[in-house]
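Sharing a structure below in structure tokens format, with a few things to ask.
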Amino acid sequence: MNFAGLAIALPFVAAALLGLVGKPRQGAIGNAVASLALFGLTLAVFWGHSEGLVAVDPLAALFGTVAGFVGLTAALVNIGYVSADAVRMPARRWRLYHTLFQIVLGASLLGLYADNIGVLWAAMEGGTIAMTLGVSLYRTPTGLEAAWKYFILGGVGIGLALFGTMLVYLAAQPALGPGFAAMSFRALSAHAAHMDGALLTLAFVFILFGYGTKAALVPLHGWLPDSYAEGPAPLTTALSGLLINVALLAILRFRHLLVANQDAMRPGPFLLSLGLASLFLAAFSFSRRRDARRFFGFSSIEQSGISAFAFGIGGPAAIFGGLLHMVLHTLLKSGLFLALIRAASLRGPAAPGNYGFSHMRGLLQANRKIGWLLAGCIFALSGLPPSGLFASEFIIISQTIQKNPYMSLPLGLGLLLCAVAILRNIGPLLFAQAPHEKPKPAGRSAWLIAAHLALVFLVAFAMPLPLVHLLSHAAEALQ
Amino acid sequence: MSLTFSLAHLLGGIILLCAFLQLSQRRLAAMITLYQMEALVLAAAAFWQGFAQHEINLYLTGIITFALKAVLLPWGLREIVLRFNMVRAVETALPMAVSMILGLALIGIAVLVVLPTTMSSISLTREDLAIALSVVLLGLLLMIVRRNALAQIIGFLSMENGLVLAAIGMPGMPFVAEFSVALLVLLAFLVVGVFLLRIREHFDTLDLSGLEKIERRGR
Amino acid sequence: MGVVGNSIGLMFGLPGQGMHLHLDALSLLFGCILLPQVVAASVAGMRASVAFWAFVLGMALALLAADGFTLIFGFELMSAASWLLVMQGDRKPATLYAGVAIFSGACLIPALFLPASSLAFVLIALGAGAKAGLAPLHSWLPRAHPAPPAGVSALMSGGMVKVALYVLIRYAFINLAPAQQPWWGEALAAAGALSVLIGALRTVLEVELKTALACSTVEHVGLITVGLGLALYAKAIGDAELSGVALQAALLCAVAHGLFKPLLFIGAGEVKHATGTTSLNWLGGLMRGMPRLGALMLLGAAGMAALPLGPGFAPEFLLFHAVIGAAATGGILARIGFSALLAVLGIGAALALGAAVRIIGLGFLGRPRSLHAAAAEDMRRGPFVAMALLGALAIPVALVPGLLLDLLNPVIMLLAPEAQTPPLAYAPVTLLILAGLAALAAGFVQTRWGVRGLREVPAWNGGFGRPPAWLPFGDPHTQASATGFAEPVMRVMGKGLLGAGMTDPAERFLLAPLFRIQTRLIRLAERVRRATIRERLAFVFAVLVAFLLALGLGQGG
Amino acid sequence: MLAFALALIATALHISLCFAGAPLLMGLVNKLRAWLLGRRGPPVLQPYRHLAKLLRKSTLVPDTATDLFTLWPLGVFLALAVATMLIPSFATGMLTAQAGDYVTIVGLFALARAATMLGGLETGFSFGGAGAAREALFGIFAEGALLVLLLAFALLAHDTSLDGIATVFRTAHIGISVSLGFALAAMLTVALTETGRIPTDNPSGHLELAMVHEAMGLEYSGRLLALLEFAGMLRLLAWMNLIGTIFLPFGMARAAEILSWPGGLALWVGKLLVMAVALSVFEVSRAKMRVFRVPEFLGAALLLGMLASVFLFVAARIGA
């Protein structure tokens, strides 16, 4: 059965329904139900079969499942968020919010599952517009400013990506001729060797800039930190990582075309330079951040840079590392943001502006469980064991040394600086003296967050063999 | 060289000229007029390609381009100019001469980049591609050298024209009409955004307004 | 789980590869060094801490690792867990500590994958050296080690630095052996000498007991490293006897330090528990309230000062002999260097002696300097058992080092197969017998001609006035203070080596400039962050044009 | 078997002579000093009487001291007693030769120093503390210098035990080299400091602020003071033996040859006499220096010790 098509269609149908009817809380519950169904469908995609514009390979199915999981947990936490915050916006706006939630999910899945580069582009565009509306949802000046930034920078990125897409199509003409075949990833990667190398290289630069904007690689990252910090957190913060994954996977797939083509330039230097720039800019931007959501926005830039770096290094093992890093980081960030939402709501409404580190300091006094879980998530982000990211970063560094030893120096330095800057925040967050307060209940979301952490740990260190095979085959195919 | 190619070249050349002339304008009204011309020629180019390639899709694209870009959007833009009283010359970030030299350099780069490609069996020649790339880059440049929000939007629109120009030249490319619609949605959001957000003068002012307050609150 | 070759594979670890563990003489030795400390620390009150056991697990994994991943995993797990423990004690040094820990990881990972070469050695030395607190990368250690609870401090000082040295030994002696160069050993010895000097000097000067002990750890790491450096040097030039003696010195020093330093740290924790402070300026006379603690600390201090009949003397003895042996080899510059090394070791030993005397004399003897010290009650049961265990194990090290050296032989054979180990010329039992004879003679003279009995009288207080009534133990200011005791050393050596502010040179010349650079880059990043949309677009555009240009030139040219 | 018995007898003789003779040496030095200053001085046997008197006096303990107060004089005494036993006096090849490594001797001196300092800190008043602090400072350079000196000896003798050094220096033709001269100067400097003589300390001084060694024993009385004083006498003898063994090894007897003993004994007594005279002359001709000049004095010794080794390298053209 074509579960992939169903999985893509479901969120858009749900979006339409949620946009038309329901009070905020009902909408949130409906949203959660839809997300649950969607998660089931993304799991089913592994056993489904699909062809045409949407043709799913195991890698896409894996990331689709991850997206489904993240969407589900965000939707679950969203119920509490909406219930606590319902008076902040009129009911109509909440409907729009849930619609956007589903559209972002649907766009991510469409982008992941799409075999057609045009459909991929359209999915990215839809996701961008939906996110922009989400960021400006609260209509605060800062929210509007962030949305405007997102829109201008994202729009330019989308334009460049379209140009790149067309160039790829053009480059494929000698091999595939006019028609749909020249826009299908499968056909393209099968015939990459016969494509026009020079044109393909040019196309890749535009693709890199277009989708790199969505993946928030420096210097294309300008929209990300602000947009993470604005809007309802479950949508603009927890879900937005999914679009980053779509963009990174797209870059990886296009990169493969270049590698497979003899005449094209090597994509390594482009990816390495952008990846390192992301790593270092993030490293030095961390230390003055006072807003946690913005802080972790920069962390997303860093992680995205690491994956891009891994793709730039190339070779099956490095790409394996990069893909693993993406999976782990997505899961971890999702857990982190859920913990962050919970932590902020321990001290008042979880609205933008209430995510300052100073607002959350001394969390252990408010709730031990949430405090330790949030600290655990932040710690895991640093990549020190027993965090799962350690495994992927280890693979990437070791591959870097074998492939391009001198690149390991800046990579190590960047990782070092980032990790230290991330760890620095844990101390005050946990142990600082907080205003005297009564401990508050952790709620059920503590289990969700713990599940994320456990999943990250297990996927990294006790990865089931089928998953190992899936990832390594995908990495081999895309090397 | 057949008539198909030479006419397509001619139309492309006019679009490039319009895009380049936009760089040299200080007043919004003139820029909008140039944009309108650009859109008209683009619509003509779409029709011509549709005729040459026998593609219904391209006719559709031409109609959309004409109706929305050559008529509706310029009207909306002019409305904004009048309503927000932006008839005077806009502030430039770079001296006019410098931005024009940069524009020329960009065209040079576009040609340099496209030059090594070999497009033997493709109807779109490298000149066409170079023109499209130049229009895209000039649009981006326009967004950077003007401090006025509307001028930047015009730059964005011009860049998007370059994209459509490239798209209609692609032989048998699917989704061309869909692409242009999708892009138009983006554009519509931009223009509506200007209306809603009441961005009068600068992106810069929008950025800086209340920045100190935000800084204090902690970012 | 499966067995491949002589290593055990676990299905847990790197995706698709898992982890591999194996045990050889070297890991066994370091495991034996760690075990008593772990037992002692857990008995001393760390049993219930998850982070503590993660810390232990990390060290165990690092010691048992048969592949690079397991090694780094264990190493960094150890760092991460100890970071958490440090942070619970004191947030200030935690960030620096984390930075150093990750730095060593970042140096070690490349080194594991590089082929055997000098570069790999330098990276190993930097990575393991930073973690072990080897000068000039030591300045974090005196800040971080005193922060956590005493049991953890003990394990960090006695165990964690050993794990770092273990990595250094395993790679420098075994894995990188094909590429070994004499200068590796010389460089290690020089770094060790620097550590000895700075560590010992700061031990004398620090007022906080735990900080002083941490500085002493820097010194002992330096001693071990000097031994290792000499062994490496000897191995490279093919001097069988020297490499044997130097390895004996280094390994025995590691064993001894692993016993007396945790003992001292746990004791310091008890002092903190009983008096609420570890500042020597507020202690004094603890021997009255805490006689058992005082006796055990005396044993530890004897080890720290490397006094004969204490656990620390035999390694120091061997080390001196190793340096003398090394001075008989090599070029004239190397020889002069080795004689300077000898002088440094001598000065270091004397400084350590002064430091140990200061800790015992000011902390446990004389009059109390505060009411808390006067009211100190005897130690708790757990820490006493822990310290007694370590003390009991230290006694064989002190009295029969020769037997212990025989046990070290397999390790030495593993590290330097051609090494020869001459018998130890230091015989503590003989000294003990001679001392017994002398004591007998003195006792005989005393019973034959002397009178018995002691009479307690007020001592002459040096002419100071009567202390006020609220100071029943007298005015502390009429007694030498910790700062005052160190003052002559400070005046003569401290100012020259540490500068007027008594800041560590590593902080002034290494850390401070790094922080300045970082601040500058942060400002730059902030400038980027504040950019307007137009400027951000300009960045994008500039990089795009740059890439296109690169492309055009790359393809056109 | 016979050799062992002879060595045993020689060792016993060595130990008993040293223990019995140490006060005599101290008395002799005091007498000589007095003579040189133009005084009559105490009798040569005065130290024995002094010790006997102290033994019969009651022993006072300050109420501010802890229970370990009595331990430190014993520690000082035992460390120095063992050191004295290990340093050869009139013969080589004694039973203690194996244990008598130079480094061990240095360690025993350090042990004695530590016990002295702890005794000084024990009283809980300022003079003991000040004395201990200064002693700690002096020890730094003294120990460094002593160890550096060992390098020169070890390079010449290829042995690090005192017995071995003496055997080599007595038999092999070393000659009078520059480096040994440097070494002797350095050794003497350290010896003067360690035994608390002028110019670094004044053995008969009673101005508390200037005292180092004496300040640390200020609160001791009765038999504990006797122990400390006797240890001081042993220290003087041990140092003289040390210098005699290394720098004046000629004529030392062999423990296994009983016939060489009388000569060795006579020469030993002669050497001690010479050194006592030299010490007295030096002491009366110099003034005591300020405390903070002592480190410079000892630092010079350290450098001399280093120079001794360097000259050895140069002279032997090693490595160059």
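The letters A, B, C and D name the chains in turn, as written, and every chain counts its residues from 1.
Criterion: a residue touches a chain if its C-beta (ideal position, glycine included) is under 8 Å from a C-beta of that chain, and two chains touch if they have at least 3 such contacts.
Because the structure is predicted, anything quoted here is derived from the model rather than measured.
Peer 1: Give the chain pair, either A-B or A-C, that is connected by more C-beta contacts.
Peer 2: If we tally the C-beta pairs in contact for A-C and A-B, the bigger total goes to A-C.
Peer 1: Using CA atom averages as chain centres, what separation in Å is found between subunit A and subunit C?
Peer 2: It comes to 44 Å between the two C-alpha centres.
Peer 1: Can you check how far apart subunit C and subunit D are, centre to centre, with Cα atoms defining each centre and the answer in Å?
Peer 2: So the centre of subunit C lies 34 Å away from the centre of subunit D.
Peer 1: Find the geometric centre of each of subunit B and subunit C from their Cα atoms only, then give the gap between the two centres in Å, rounded to an integer.
Peer 2: 67
Peer 1: Counting only residues that touch at least two other chains, what does the list for subunit B look like?
Peer 2: 113, 116, 140, 143, 152, 203, 206-207
Peer 1: Where in subunit A do residues touch at least two different other chains?
Peer 2: Touching at least two other chains: 148, 152, 156, 160, 198, 202, 225.
Peer 1: Which pairs of chains touch one another in this structure?
Peer 2: Pairs flagged as touching, ordered by label: A-B, A-C, B-C, C-D.
Peer 1: Touching residues of subunit D toward subunit C in the complex: what are they?
Peer 2: Within the complex, subunit D contacts subunit C at residues 15, 19, 52, 55-68, 70, 74, 77-79, 81-82, 85-86, 96, 98-99, 101, 103-104, 107-108, 110-111, 113-114, 117-118, 120-130, 132-134, 136-137, 139-148, 150-151, 154-155, 160-161, 208, 218-219, 222-223, 226-227, 291-292, 295, 302, 305-306, 309-310, 313-314, 318-320.
Peer 1: In their complex, what parts of subunit B are in touch with subunit A?
Peer 2: By the definition above, subunit B touches subunit A via 113-114, 116-122, 124, 129, 132-133, 136, 140, 143, 152, 156, 159-160, 162-163, 166-167, 170-175, 178-179, 182-183, 185-186, 189-190, 193, 197, 199, 203, 206-207, 209-210, 214, 217-219.
Peer 1: Mind pulling up the subunit A residues that touch subunit C in the complex?
Peer 2: Residue list for subunit A touching subunit C: 148-149, 152-153, 156, 160, 198, 201-202, 205, 208-209, 213, 219-220, 222, 225, 265, 270, 281, 284-285, 287-288, 320, 324, 379, 382, 384-386, 390-391, 394-395, 397-398, 401-402, 405, 408-409, 412-413, 415-417, 419-420, 423-424, 426-428, 430-431, 460-463, 465, 467-468, 471-472.
Peer 1: Show me the residue ranges of subunit C that touch subunit B in the complex, using the header's touch definition.
Peer 2: Counting only subunit C, the residues touching subunit B are 530, 532-534, 537-538, 541, 544-545, 548-549, 551-553, 555-556.
Peer 1: Where on subunit C is subunit D touching in the complex?
Peer 2: 204, 284-285, 287-288, 291, 294, 305-309, 313, 316-317, 320-321, 323-324, 327-328, 330-336, 339-340, 342-347, 349-351, 353-354, 356-358, 360-362, 364-367, 425-427, 430-431, 434-435, 437-439, 441-442, 445-446, 449-451, 453-462, 473-474, 478-480, 484-489, 491-493
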